[in-house]
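In the two complexes that follow, chain A is the common piece, with chain B as its partner first and chain C second.
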Partner chain A sequence: MELTRRSFVKSTAVALASAAAAGTLAGCSSLAGTGADAAASGEGVKTVGVCRFCGCGCGVIVEAKDGKVVSVTGDPENGSSRGLNCVKGYYLAGALYGEDRLTVPLIRDDKATKGTPDGLREATWDEALDLVAGKLRDTWKADKSRLAFWGSGQQPIVEGYCTAKFWKAGLLSNNIDPNARLCMASAVVGFMNVFQTDEPAGCYADIDETDVFVTWGANMAEAHPMLYSRLTARKLADSAVRHYDVTTMTTRTSASADKVITFRPGSDIAIANAIANYLIVHDKYDHDFVADHVQFKQGTENIGNATDDGYDKSDIGQAVDNVEPITFEAFAARLAPYTLEYASELSGVPVEDIQELAEVFADKSRRVLSLWTMGVNQHNRGTWMNHCIYNIHLLCGRYALPGDGAFSLTGQPTACGTAREVGTFSHRLPADLVVKNPDHRRYTEAVWDLPNGYLDAIETPGYHTVKMFRELSKGGIDFLWSAHNNWAVSMPNLTRFLGRGDLKGINDAFICVAEVYPTLSTQYADVVLPAAMWVEREGAFGNGERRTAVFEKAVDAPGDAKWDLWMLMEIAKRVLAGEQIGGEDAFDHLFGAWYDADAAAFKGSDREVCASIWEEYRTFSNPDLNPDAAAINTEAKLKMEAKQLAPYEEYIHNHGLTWPVREVNGQWLPTLWRFCDGKQEDGFDQYGIEAYGEHDKAGGVSFYKSADKKPSVVFRPWEPPAEEPSDEYPFWFCTGRLLEHWHTGSMTRRVPELDRALPEALLDMNPADCERLGVTDGDRVRVTSRFGTCDITVSTAGRTRPPAGMVFAPFFAEETLVNLVVQDTYCPLSKEPDFKKTCVSIEKIEG
Partner chain B sequence: MKKTNVMAAAVLACALGGAALAGCSGAAETGPAYNPGEPPLMTASHEGRFERLGAKGCYGCHGVNGAGEPMLAAASPLPADHYAGGDTASREIDGPRTECLTCHPVAQE
Partner chain C sequence: MRIIATAAAALVGAAGAVLAAVPSPLPLLRPPGAGEAAFFAARCVRCGRCLEACPYQAIHAAPLNAGREASTPFVNARSQACRLCAEFPCAAACPTGALTVPEERGGAAMGVAVINEDTCLSFQGMRCEVCYRACPLIDEAITIDYRPREGDAIHAVFAPQVIAEDCAGCGLCEQRCPVGEPAPAIIVVPTGADEVTYQALRNGAA
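The block that comes next holds the complex of A and B.
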């Protein structure tokens, strides 16, 4: 089917206008049966916000009364969610008001109490800040390789920006990494390798327009509920729409699938390669698109597994990023062994099912949208599998077109906006810049007003997340500061990192945890800093479709809880006391525009501070705001304005905008379909293509950020998982999220309704396995891998239905702590751990 | 959801008899209180019902009939904004809201 751009724009506009006029996009209901507006009490002050939890980035309206949030409803004017939300979002107010909010700083005097709920005493802010800053400064002065910050894809944008600036420019350290390393790193490296830019080309509206959904390793119904609601709505609206769920086990997402393709764990690359091979062998690829837009490569192979600490520095570990150009014919020859039969043999998927899926991609009369998330990313070959999905889409000319594309779904609310766009990774600088590149360092120096060459001290990337925790567990790091995460529950291989049994663990390091509730991580902290949460201060998130959205401050934080940004400023001023940059006081040079160190206060309201920091940050992608940066941008051909951002107020006024945002006749217009030619006012990338791309290329797209304007199709072979079931460990163990609880449940488990809906983490098992092991629903079992052990209750009626030989458990429950068992083996390219394929034994224990 | 399907759902719900309807009602009067904007949980007796019946099953009790009355008088009614076009007269659940479990999971007690 050929949908012209004009008809597409028209149909989209009509649909949106109709929905808005009819009010069908309004928020959810109260029990009384009223709509969004009526659901709120109507007596409080309403502010615009965005949900605190997943990467969907749903817009919300927050109503506060008498200093308390009293309702959260969907925001129909938010372009990502159009008034929709999920149960977590509607209960956001409850997440603020758990009975045990942290409201005063806490200090641990006796390290022997670590790992217990005891041992923390109340302290003043000055005492806590002096202690943290003193430890950080001492470590920094002694050996700056022994300090670390572990951040988050939940750290709001300006906070992440300032943290990166403090760590990279203030401390000259790259030992900063976010928990986004655990969820999106494989997607990031995939984007950078293929397109040389870290961003999805499409947007959520693709869901409303496609004809065929292919979900790869994605349980959207639980992990991206708002988007799944749109998927099912699309199916409901058109009976011809199809859904193929490519998965290792049946999930709630499978319910909408016309065909569930269940493959053996780790064999997805073989399936993807077989599809690509089929397209070429049967001459069903898009010749024009390939000729205009694609270059072919192959890379280092037989790369083993990053299980041992020495992997990164091994010969193969040093070579994993290498690629070389090859011809189309050579690429086809590499794919040739991947016949349908070979892929079937490896995957267990019938030949005819793989062929049917290949034919879906071959049929150019229908649009196809691939959607994927952690099943692809948390994979010992996660980066490679990202490549393989793009390979298919680029071969058949299905990328960056409305409803026709490949869309990597993001896990966290601002994994894109902060971790990726701001650059809180150990190898990154803001706006896709990397520490290794001298031109990128010069550009950053210009924006941050640093002496020329100042950032050469950080040209080597620091510790990625797993490396950071491995170093902590063997005494290689003395200071850790974490914020917006709960590493003691979410990290893999916790048996090692928490020092269970006779293992050393990370207890010797000085650990500062900024938190809103007591967690398992605070039990290992030397200092706990009580943080303001969500709308208790202003912030902004960047979601999975490049949309930046602001959440306004609605209420004050409880007790003495403080904004993380204030904590950062207070610690930074202490650590940098007496230091200079360019002959000026170092702290004032970096942060003086926003913070009065003597007064211990910001120079303005939350809004003014956020707007001012944003203005500096957006200089990275608006080089005309800084003449020195503009000159470097031109000379080094960095194309920084290709991901242009708007002034701060525009994001509030518009309830979020998708970048690049272009100024046209005094208006700031978002881009929905990146690299797709068309009018900016209709959401296409008009100004990007006019500036850097080419018109009239195949498909009406132009990949102007890619080298030679041609994304890379890289041949990646199937290689086996890091470990496979054996007599000793006969089951695959897969972990993940379920609808009601966000990550480690530190917020959502304090909401009574969410806790009532999902009170316990269960081990989902296949009935045949239960029968063989002599266990039944409700029995307690011990799950053991070569990494560790946990005890859990069995269910055959759980949310997922694993095939025989596989089990699943969610990771939200601290009392179960499934990550004691999970391997910390990571993708050698992205360094993202494989949470999906640990091999385990299961034995019944007395309950 | 087409009107014919809605009627079929209503018939189905009736055919399932008392067991099917158990727990449908009463939550509004005797169950936990919800704050404005908070979607109520399904009661534990609804376990597995959405998986078996889908949104049609929900509509069969909580939607309106041709007279604009709830299918099951004691069931908490779907609010107007859950209907196509925001109009109960459509007798059709708005597309993105047919995944009822997204906002109304089942309470486990």
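The block that comes next holds the complex of A and C.
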């Protein structure tokens, strides 16, 4: 069966680029029909896609027939997954066809019905859009600080790009943040602080090449199923390969571990510092690598905890980002207290286990790959722990080398591609640019064709996610628009954000939720906008290894459900009516190339629109496409092309590409190993290093994006968790994801096979704790923290095996709603909440 | 009458359809502690107390057209498996000793799970293993055999394996298996039943 993409690629490769450069879609009309057109005719059509769920970004082939997706299978040509899926991907088509898909706009007339499944009535699109846009415009005109957009690491790239453009350039507001704040923010701040560039140097192929895996706070077996398959394949291929699982509890990921190192929650920094100290004290660090590539720093310490709302504006809250250079000797002196014995005392890990792990890093005859996820990021010192892992790897010369590196795994399908690369955060602009940097604003103005200085109005970052919802719950937000997320289930401390007891803030605010199914979030919505889902429109995701991949449109959305991008255009056009930018109609100035406001329609097919928006977006990483941008890039030494993206059709043709993508003799070549010298054809960063880096440095790497080409090793001390078990709240409570369900379950629980596979959220407990409390497998218990309470069923089966004094539950089940209990304390640097260390009491519910 | 009504409601689904169509060619999955078929048949007085004791409504009475099995208790694992309660309230409620309380959860001896490797997603290289993670005796009754995947250097096969002597036959694996047609990829063969015949019948053989 011929894929429709092939005819598209042949006929339009040149036409697209030139049409986009001319700011018009004319010339694209010869494009082949989309999969949706052919599928409607009754003939089965296969299109290329990428899985809707986790950060693995597995490629899929979607088959549609009679207007319906009939199968989803692995795409062997996708470089990230090469043809396999987990059970969620296998049953992905079912996620489109839950019985209660939202297909009509809904309006709530009586705010007293908020928090119930009732009170929403059907409406026309015009009525719903007029209402939403009217509220947004009124709020915007009255007080810009009282509006907000909450987006997602699941919002496709061009949709995120246009949302950011509307919010930042159209509304001149920074009150936009994604749910990626809840999963990747600590990794991001770690990357920026250490390397001054937000990206992993390595790629998934590192898994195939390493000799020792070290997983830190990562349950890959459940949260990154296909990457764990890759890890397992590597272990099976070579019996000498080792795996150390550094964790607070035994999980399914521990199955492949040669040693499980179970540490007391919050003590990971002490362990990492002890390893770094050991490497220095025993002179087992890489002198050449350190001399060539590393600068040393220390930063603000004793930073307390961001539990109270006033933290960010407190003296210490304002100082958390400060660092100062120190000498290697001073760094070594700071580390000196972190003896193996001290780390053992804090962590409960035997001295010899920490020493064994330190020796793993010291042994340069073998490659070591650190992998980590939410145990590190969702941490009251999440940014610091990211630092500490890089500290070890940089000290022993293990970074940016094939199989020898530190790789932060991402949670969501496009947390990297959209939230981070597009920059849908309250402090960012596209392509690693930030609002507070004048050169970055000038560059963005050039690409967006805004008057010089136009973006100075947004030089101050807006509300980060937790702040946004704290403001919502206490009446500081009048307008909230959320899309591609389910905040009423996923936010921590829902007891606070859902306004238990008061409800005033959430009742008074006007809340617009774009969704595909009814959720707890739609129960708090004033307007629900029914959205096209996954392959019901075209889009692109960027996964955890810098791979951008397009999913083609395969079928039409059901009923009156619409593309989120169409909703954005219709709301933007209404809000910006009568406004001007540079003497031109504001809406047309920002979006007129793609959208005909009068006709209420895009100026081309999904493919044409996505490709054209992509061409503007990729100007950020291809300054030569815009002379003004090119001049600023050169003058301000921004090195924007370091993250070069390819023309849109290359991503379809190649089933995804890892950036930077370099044009060599008419071919666009991806990069697998950043900052690593070698041939581009072999996946190395040849052209980046030739342009900005240096050859013949230690390890054959050159960190040309870092200040002075030297990443920062920053001393970060161990400081205690925000709260610790007490007589009143004696247990640590850790939450997370399990394999069968995606996030809040709003999609996967509508798939009968997946709902059957895991129908309920259970509280995994240690049998000794159960015996002490007189509870047994299957009993209902009440879990209470100083934040809130939820009821849940106990399991001692052992899917995860928390040590005594700790319990675990997944967060997918809205009827259990574990986030009523979880603290909203966040890492002071990244503002990412700590979902792993809330202290709770557990009591049996009798009867 | 209550017992019969409950049984009728339970006979929905693959196993139920087969059961309803033919007067019991398919051996029934008995509650925990039933032991050998002849032993159980000799003692069960069809009183229904085990049904009432089950907190999960997992035990039903066989329909009246089930011949000599009529009104005897059985578990339809696909619709609601036995949850292996620590105290086994069903067996504890049995007045005749037809059900004896097992000494440990693994001793329920209801049957043994069998995997159909042709339909199991895990054997195809998908990361599924739902049965394994659902198993109340994870790593004992079901384990994972990690195997290289032929012709694929970057993926492993996570092959679930039933350890027959440790399997209680509770059927939670069967209930949770995402594969449905023609039958779940893992089914519990009741104690005393012939595995090959039973599996064939569950797969729809006449």
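Operating definition for what follows: the second predicted complex is superposed on the first by the 797 of 847 C-alpha atoms of A that agree within 3 Å, B and C clash if a C-alpha of one lies under 4 Å from a C-alpha of the other, contacts with A are read in each partner's own complex, and residues count from 1 in each chain.
Rule of thumb we're sticking to: a contact is a pair of C-beta atoms (placed from the backbone, for glycine too) under 8 Å apart; a residue touches a chain by one contact, two chains touch by 3 or more.
Quantities reported herein were computed from a predicted structural model and do not represent experimental measurements.
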{"item": "First (chain B), second (chain C), both or neither touched by A:Ser71", "value": "first"}
{"item": "Touched partner set for A:Ala93, first chain B, second chain C, both or neither", "value": "first"}
{"item": "Which superposed partner A:Thr776 touches (first chain B, second chain C, both, neither)", "value": "second"}
{"item": "Touching partner for A:Arg756 - first (chain B), second (chain C), both, neither", "value": "both"}
{"item": "On chain A, positions contacted by chain B and by chain C", "value": "84-87, 90-91, 225-226, 228-230, 232-233, 236-237, 252, 255, 739-740, 753, 756-758"}
{"item": "Of chain A, residues touching chain C in the complex", "value": "82-87, 89-91, 207-208, 225-226, 228-230, 232-233, 235-237, 252, 255-256, 738-740, 753-754, 756-758, 776-778, 797-799"}
{"item": "Chain A - residues contacting chain B, complex", "value": "22-24, 26-31, 33-36, 39-41, 63, 70-73, 84-87, 90-91, 93-94, 221, 225-226, 228-230, 232-234, 236-237, 252, 255, 739-740, 752-753, 756-760"}
{"item": "Touching residues (chain side chain C, partner chain A) in the complex", "value": "55, 83, 85-87, 121, 125-130, 133-139, 144, 146-149, 152-156, 158, 175-180"}
{"item": "Partner chain A, residues of chain B touching it in the complex", "value": "1, 28, 32, 34-41, 51, 76-87, 94-99, 101-109"}
